[in-house]
Each structure stands twice: as structure tokens, then as C-alpha cells.
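Two complexes follow with chain A in common, the first pairing it with chain B and the second with chain C.
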Partner chain A sequence: MIKVSKKTRNDIILFSLLLFISILLLLLFASSGRQGKYVRVEVNGELYGRYLLDTDASIDIGDSNRLIISSGSVYMESARCPDKTCVKQGKISRVGQSIICLPNRVIVVIEDDSSDFADDIVIG
Partner chain B sequence: MAFCLSLPFFFASCAFETPMYETSYYDLFDTATVIRGYASSADDFQKGCDMIYEELLTCHRLFDIYNEYEGINNLRTVNKNAGISNVKTDQRVIELLEYAKLMYDKTDKALDISMGALLDIWKEYRDRAEEVLPEKEELAQARLHSSIDSLVIDHDQSTVYIEDKLMSLDVGAIAKGYACERVLALMPDTEISAAVINLGGNVAVYGKKPNGGGDWSIGVNSPFDKGELLSFKCSDLSAVTSGDYQRYYLVNGVKYHHIIDPSTMYPGRNFTQVTVIAESPLLGDALSTALFVTDLEKGEQIADSFGVAVIWVTPDNKVFKNERAKELTL
Partner chain C sequence: MKNGKTARVATVGMLVCLAFILSFLESLLPVFTAVPGVKAGIANIVTVFALYRLGARDALFISLARVILAGFAFSGLFASLYALCGALLSLALMTFVKKTELLGVTGTSICGGIFHNAGQLALALAVTDTALLVGYLPALMISGLISGTLVGILSAVAIKRVKLPWNLS
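For the complex of A and B:
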């Protein structure tokens, strides 16, 4: 039998505990990965628009980004920036998921039905 | 079997839905313009937007008092020829100026487009953004050269003449509303079945949302917190807000904003925000400016005479709604 020092044994316990918590968290988040209801778009930290996820749409955000809502998911079709990280990110549809275009300061977040009622347009 | 069952649902949920499109422009009326609409294809939407943009651009150029454009006589041309000669111009300019004259009377002089000289002084100080106020004497001199009666319009000849050499026109209070009105008029010629046009806070709603969506919902934000004053459903209606927080500069901690009261020559102090909900975006735009510089009692009379809904918010966050505004609901 391999002799395990007390220190190593504690390490193993700690590691197992962390692993267990990680899996638990993963399961928790996976189960809450509900299909979202709204797409919230922010530019420069300010609300740009809120759109229904179940209505197909093509949204030009300024002249820098084009966002597509199609069959219940959202993706950035094009972006005027060098890295195109947001375009490469692909489709999202679950509550809490987001697409971020840092160069153009655009944030796209999937929201829940439980959040406030969304008007088509807000003035004032 | 499962395939057979799901096929009709697929068609019902996808094939017959009219998609929504949205686009924005940043080179019109010194503000952002957003068009959101429903059309059967991206191409149809784009063609409609091209028509809308062309009309907006034409209005933008005609009502511009700072720049001239080749081949057109706009308000800058009219202002430059004050006291010199009459100017032949577009029928849109004639229509807008005639409307402004009418509204001058109907708002008891609260909407006055002849105050270009006075507004120029305030704009100059606002742009400089130093803590300095214009001299009262300077304002009074400019105010002397503003009289709507000095504006002579010949409808049939399509000409305009300003009799006073030092007077100039500024239609900032109604230009966007007029442009919105023009856009609504051309919507039936486009393939866009329903749309909401937001021209820098001048919002006009056209038609009903497809796919069983029905009426549009419009929210009016409070100027003091993130909450909404009112949220209502509508179709073919317009809403516009005038606020003291839109354009201003500070002197000793006091806000000097862009809506100047013709009777005092200084920024209106009665309200922080006035929102008008009317069928006509032009009427709404004109009234939101006029009511901002009119006291509540008289303002309510004016609003009721036009049958429009109005929400007033005072600097101490008191909210007043007239009867029509109370009727608006989700």
C-alpha cells in the first residue's frame, strides 16, 4: 500500500470537494438554462432596444453591427471591427447568455419573461 | 408520425410570421433616427427605408438654418434674404411656415418661430458651456427683431419674405414633427406594413403589429427616476417629449436649457418635462414646445381644445395628466 502523507490526503479531500461543488454549480446552471424571452441590446452602457426573441428580426445597431434574431436565437451577423469576436461567438438563446462587441461597446443579453414588461418604444 | 405532426406547427410558427427589421440613421436633424418595421422581406424593408430616408433628408435640408445646399432654397436662404428680397422655395417650407403662423395664434403666442435671433444668442452661450449668462439688454435687442407678422408668405407663388432685416426664423420646435408627418403620409406607398419611427424623441406609430401583435406599446419615462410615468397601447398615434434635460448648460448650478419662453426671453421654468400624445406628430411637436412655456391651467385649456393627451412634470416632480392622458392604458 502506498503511504499517503497527511498533507497529501488533505489536498485530495480539498480537490474532491472543489470538484463536487463545481459539478453541483454546473448542474444548477444547466437546469436554469431556460429559453429566453427578450433580447436586450445596450450600446455604451445605455439601453438601445429590447426585442422579442420569438419574432424574427434584423437589427442594425448604428452602422457598426448587424444583429439577427432567427427561430428563437440571436447572433451577430456582421461587425465593423478588426477582431469579429462577437460574430465568431455564434448563436445564443438561453437566459443570461450574452454577446459582447467590445470595440463598438455593444452588449446583447438574453432576458427572462419575469423581468419588467417591455414597451415597444420608450420616450422621455 | 411525429414528423407529420410537427410539420404544420413549423409552418405556422415560421413561414407565415412577418419578420421585424430595424435600422438607424445619425445624420438627420442633429439626432438619432430609428425605424423599426415589419415587412415580408429585408429587401422590402430596405426599399421602404430608402423612401423614408429620402423624405427626411429633404426636410432636414429645407429646414436647416445653418447650412446651404446646392440647388435648393432653404430656410437659411430665406433668413439671409431678410429685408432684401423674397425667396422662392419648396411647398414643404410654405406648409410648415403657414402651420407655424396658425399655431402662434392657437397657442396664444407660446410657439413663435420668428425668434431666431434670440435663440441664436442662447445657442451661442450654450455651445460655449461657460458659466456666463447673456446680458438682458442683448436678449431684449434680439427680441425686438422677432415678429411673426413680419413673415410674409405667398402660398400660390411659393415664396417667403421676412420684412425685418434683423429677424430670422428658427423652426427647431416643429421641424421634426413635420418630417414625421411626411413620413406617415408616404408609408402606404411602401411595402412596410407597420412601423414605429423615432426621430430623436418624436415617435410616430404606423399601423398595427402583424402576427397577432396588435397595438404598439409606448412608455414615457420619468425625468427623475428610472420608472415610467405611463405606458399605453396604441396604433397610428404619435408621442413627443420636451425636456429641460435635453440641451442645456449650467450657470451657478442652475440649468439654462433650450426651450425659451417668448414672454420672458429666458428658459421656461414651469416644467421639467412635457409629453404630448396626438394623432398628428406635427401637432404634438408644436404643442410640446408651446405647453412647456405655458402655465398648467392655460396649457390644459389649449390641450383640451385640440383633444390631445398631455403629461406635465414639474421641477419638484409633481405629475399632472389631463383627462385624455388618464384614458390611455395598456
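For the complex of A and C:
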């Protein structure tokens, strides 16, 4: 048997434990994958608009972001910010998925009919 | 003993420079950014090295200097605020974990990696005021775990093998 120090053993235990927890969390979050019905757009924590996901549209959010709804999914086409993280996030379509543009404080969320997510949003 | 302070200043300066270069390399890496905040974190090797070889105070200085320099040079003020929050939280936890003497270098670095991401997420939660960001938690946790492990293994090698031409203790 390979001899490992107590610290190394603890490291391995920590790694395995955290890996287990994160996979568990990942499964938990991924399991709620239903096709959404609405697209909810928030700016500065306030509701900007709610759009039907099955109707193609192009939405300008202020003059900073352009959102495209196309064949049942949503993506950020362009953004006026240096990192373009929201554009890189790609298409979303399932309930609870979101695109977030931190510099412009824009949040795009997919919602269901019942929109059980709306209750969890803290509007400040 | 006479040269202790000068040697320390020189070492810290060199490490700030090294961390800065690693940050630059990292900014060139085309990491997949489907999730904001996911990064390789190779510059943290220097932080972990400094924490073990020089102590928490110098590690804090090096970490702060790197974040500020990198913020001005590549990532922008906004991103560097997040980096700052992550770096401070991460270093605070690593200092604590190191004190407990329960974990090795890799374990300490894993804690640091995860809390680096946790700090950024916490600031993002505070800025955007929305609970939805919690959805990023699993992805950020895994990325922190992986990068923390890699950084830890590399740092452990560096801590063991790098010989400084002067004695700092």
C-alpha cells in the first residue's frame, strides 16, 4: 500500500467530497429542464418586458443590448460592453436558464406558464 | 539578517511581476466563457507560493498588486472588482486553512479556488440583486475545484523545489 501523509489524505478526501457535492448540485439544477414559454427581461432588477418564446422577435434593451428570439430559443446578439460574456453564453430555451450581462445589469430569464421562478426574484 | 528586508522587498517585487505575467498569459488563453468567471487561475500559483514561503502578509500584497495591475492592463475596472472580491476571500480562507494544518498545499489551494469563485458570485449577487445567479453555483464550484487542484499541485512543486538565493525566515 502506498504510504501517504495525513495532509495528503485529507486533501484527497476534500477533493472527492467537493466533487461529489458539485456533481450533485449540477444534476439538481439540470433536472429542471422544461421548454419555457416566456422570456423575461430585467434591467437594474426591474422588469423590462415579458415576451412569448414561440414568437420570433428582435428586442433592443435600452441601447446597450440586442436580444433575439428565434425558433423557440433566445440569445443575445450584441452587447455594448467589453467582455461580451452575455453574447458568448449562447442560446437558452429551458425554464430557469438565464443570460446575464453584468456590466449593463441586464438579466434574461426563461419562464414557464406558472413562472414559479418569478416568486424567487428579489426586486430591490 | 542585515539584508533580510531588502531581500524580502526584492522577492515580493519579483513575485508581483511573475503573477502579472501569468495574468497576462491567462488573458490570452481562449478559455470557454459560457459561464462568466471561469478561469484557469494560473496566477494564483504565485499567491499560494507566497503564502507558504513568505507568509500571509506578503501574499496579500502580491495578490492585491496583481489584481490592480491586471485590472488596469487587461481585464478592465469592472472585472477587476470581481477579481478583487474573489482574491481577498480566497486568500483569507487559505490563510485560515493553512493555520489549521489539516490540509496540504493542494487542499488549501482547492479551498482558495472555490472561495475565489464564491466571492465573485457573492459580489455579482449583491450587484444584480437577483437570486437567479445561484444557477451558476455548480459550474463555478466545479471550475474552482479543478483549477484549485491544478494550481495546488503546481504550487506544491514550486514550494518544494524553488530555491531562493537568500534566506527569508
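Just so we're on the same page, the second predicted complex is superposed on the first by the 84 of 124 C-alpha atoms of A that agree within 3 Å, B and C clash if a C-alpha of one lies under 4 Å from a C-alpha of the other, contacts with A are read in each partner's own complex, and residues count from 1 in each chain.
As a convention for this text, contacts are C-beta pairs under 8 Å (C-beta built on N, C-alpha and C of every residue); 3 or more make two chains touch, one makes a residue touch a chain.
Quantities reported herein were computed from a predicted structural model and do not represent experimental measurements.
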- Query: For A:V109, is the partner it touches chain B (first), chain C (second), both, or none of the two (neither)?
  - Reply: second
- Task: Please name the chain, chain B or chain C, that touches the greater number of residues in chain A.
- Result: C
- Touching partner for A:D60 - first (chain B), second (chain C), both, neither: first
- Message: Let me test your reading of the model: by the given contact rule, A:S71 touches which partner, first (chain B), second (chain C), both or neither?
- Response: first
- Check: chain A residues flagged as touching chain B and also chain C 117, 120-124
- Query: Which residues, counting only chain A, touch chain C once they are in their complex?
  - Reply: 5, 7-8, 10-11, 14-15, 18-19, 21-23, 25-26, 28-29, 42, 45, 82-83, 85, 88-90, 96-98, 100, 102-103, 105, 107, 109, 117, 120-124
- Query: Taking the complex as given, what residues does chain A use to touch chain B?
  - Reply: 49, 51, 55-63, 69, 71, 117, 119-124
- Message: Which stretch or stretches of chain C touch chain A in the complex?
- Response: 33-36, 76, 78-79, 101-104, 106-107, 110-111, 114, 124, 127-133, 135, 137-139, 141-142, 145, 149, 152
- Item | chain B - residues contacting chain A, complex | 14, 17, 19-24, 26, 34, 36, 42, 45, 196, 198, 201, 203, 209, 211, 213, 216-223, 228-229, 231, 239-241, 243, 273, 275
